[in-house]
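Just so it is clear, A, B, C and D label the chains in written order, and each chain counts residues from 1 on its own.
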Amino acid sequence: MNPPPNPPFHHRISIPFQDVDLAGMVFFAHFFRYAHETYEIFMTAIGHPLDGILREAVFALPLVHAEADYKKPLRLGDTTLIELSLKRLGESSFSLHYLFRGGDGEPRATAETVHVALDVELGRPCAIPARLRDALKPYEKTNI
Amino acid sequence: MNPPPNPPFHHRISIPFQDVDLAGMVFFAHFFRYAHETYEIFMTAIGHPLDGILREAVFALPLVHAEADYKKPLRLGDTTLIELSLKRLGESSFSLHYLFRGGDGEPRATAETVHVALDVELGRPCAIPARLRDALKPYEKTNI
Amino acid sequence: MNPPPNPPFHHRISIPFQDVDLAGMVFFAHFFRYAHETYEIFMTAIGHPLDGILREAVFALPLVHAEADYKKPLRLGDTTLIELSLKRLGESSFSLHYLFRGGDGEPRATAETVHVALDVELGRPCAIPARLRDALKPYEKTNI
Amino acid sequence: MNPPPNPPFHHRISIPFQDVDLAGMVFFAHFFRYAHETYEIFMTAIGHPLDGILREAVFALPLVHAEADYKKPLRLGDTTLIELSLKRLGESSFSLHYLFRGGDGEPRATAETVHVALDVELGRPCAIPARLRDALKPYEKTNI
């Protein structure tokens, strides 16, 4: 019998007026902003707030890739529930997956960001610190 | 004996990473975005959501003026509590006041937006509809 | 002997202060904004300005996919030269490729956007209009 | 006989698709972004690029006030010509004025930003450095 899949991390955003374009849809680039805001709140929730990482300046987590697929538009007045999960946990990089649901629960878009652990002093990739690795692991998507 | 002052409308925003500039402070223009987001949530709370106003297309509420004063910076990791109150309620226009507090409760910035009621068909200023006027009134700032 | 490759469309952007984050790099989501601005100027240059497409309301070109790879950061004071080329021209969709060069001419990032031609009245994919197809074709990337 | 007024500094911006809201107008907060972009290009043109000021870290020029008045909307497809001039040059602060013209040359909006010279080490206002003062002076608006 399989263990139950890990639950994703949730964040909810009300679509601001200014993010909706003349075609009545959230402009595509804003989904990346929403994804990153979800990532920030997630990192704080798991004990690795970005401001702390920046202040300590031991490692950084720059993005090396981002992508999104758009299925149905989000519109003014909509609220989107964003589900963040860990797609891949490598030695020195990890991928996060974002599912954007509309108010009706239906998927509107998905996104992915790939982050590389960087040794700030040496300026090159390093192993993801064990404490961060342990904090990310429970959000691994087990049933994609 | 004076009646107690009306309580302002509250909205809380966690500063996103991308809104903080190279000097470590929230870039000044973002305060206007935060103000407008607060205004949108306020309008929904008092029964006049912007998407409804746009859809009905009877009147519009374009901004004719906006200003802000910056006292102390908001920084990465900060949360700001925004207090919205009605500064002035005229015949065909109204002014909203925004106070941005930091995590310590101290003021960081203030802003003001002036909105004009516009008859969409005629394309010129009109009286603020009575239902909106009544909804705005309880947020009048009585003790500035 | 092969014909010379088609030249890409060029657009230059000076990095605004507010687009640079606390880590001193252009925030990843802004590359999508820059890509779209380049796309808009490109569409105008080839005779299909977005405002005209919206006004005529015969077809629309919503994005269904966007992605970017980040190689080296763009920083404050940098100017980026963006080279737009046509990566794929399908029956009812096309892909645009964007190469972002730094002031030294070296690649900083690449991006891709996929656009679907949509019949506005029917609300479903349609063939890319012949006039647009002919206008896109000369920018096909022949040497990827 | 009066000397001729100083000419303002010019910068031109094509309105990006994403800056136009559902009401078909440039969202009010973007005017502050445009003003700051004009300010950055102006500061570079007069020999005081912001990245240099940040790197030298002798003084900073934080904004303490910003305001805008909106007369007529800018729309998709519009280009705006922004005229920057020096409104006030004080001992430790200065005000810049921005006039946004539409494609027809008519004013669309005006804005103002107030900057304070700050001694970075002491963390308090200081006199505007003489070299910057001399560079600002020729843009003083002599005929408001």
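The definition used in the following text is that contacts are C-beta pairs under 8 Å (C-beta built on N, C-alpha and C of every residue); 3 or more make two chains touch, one makes a residue touch a chain.
Since we're looking at a predicted model, the values are computed, not measured.
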| item | value |
| --- | --- |
| Chain located farthest away, centre of chain A as origin (C-alpha) | D |
| Pair joined by more contacting C-beta pairs (A-B or B-C) | A-B |
| Homomeric contact chain A-chain D: same or different residue positions, threshold half | same |
| Averaged-CA centre spacing for the pair chain B and chain A, given as whole angstrom | 30 |
| Whole-Å separation of chain centres (CA-atom averages), chain B against chain C | 36 |
| Contacts with 2+ other chains: residues of chain A | 17-18, 22, 27, 29, 33, 36, 54, 76 |
| Chain B to chain A touching residues, read off their complex | 14, 16-18, 33, 36-37, 40-41, 49-52, 54, 75-77 |
| Touching residues (chain side chain D, partner chain A) in the complex | 17-18, 20-22, 24, 27, 29, 76 |
| Of all residues in chain B, those that touch chain D in their complex | 22-23, 25, 27-30, 32-33, 36, 54, 60, 62-70, 73, 113 |
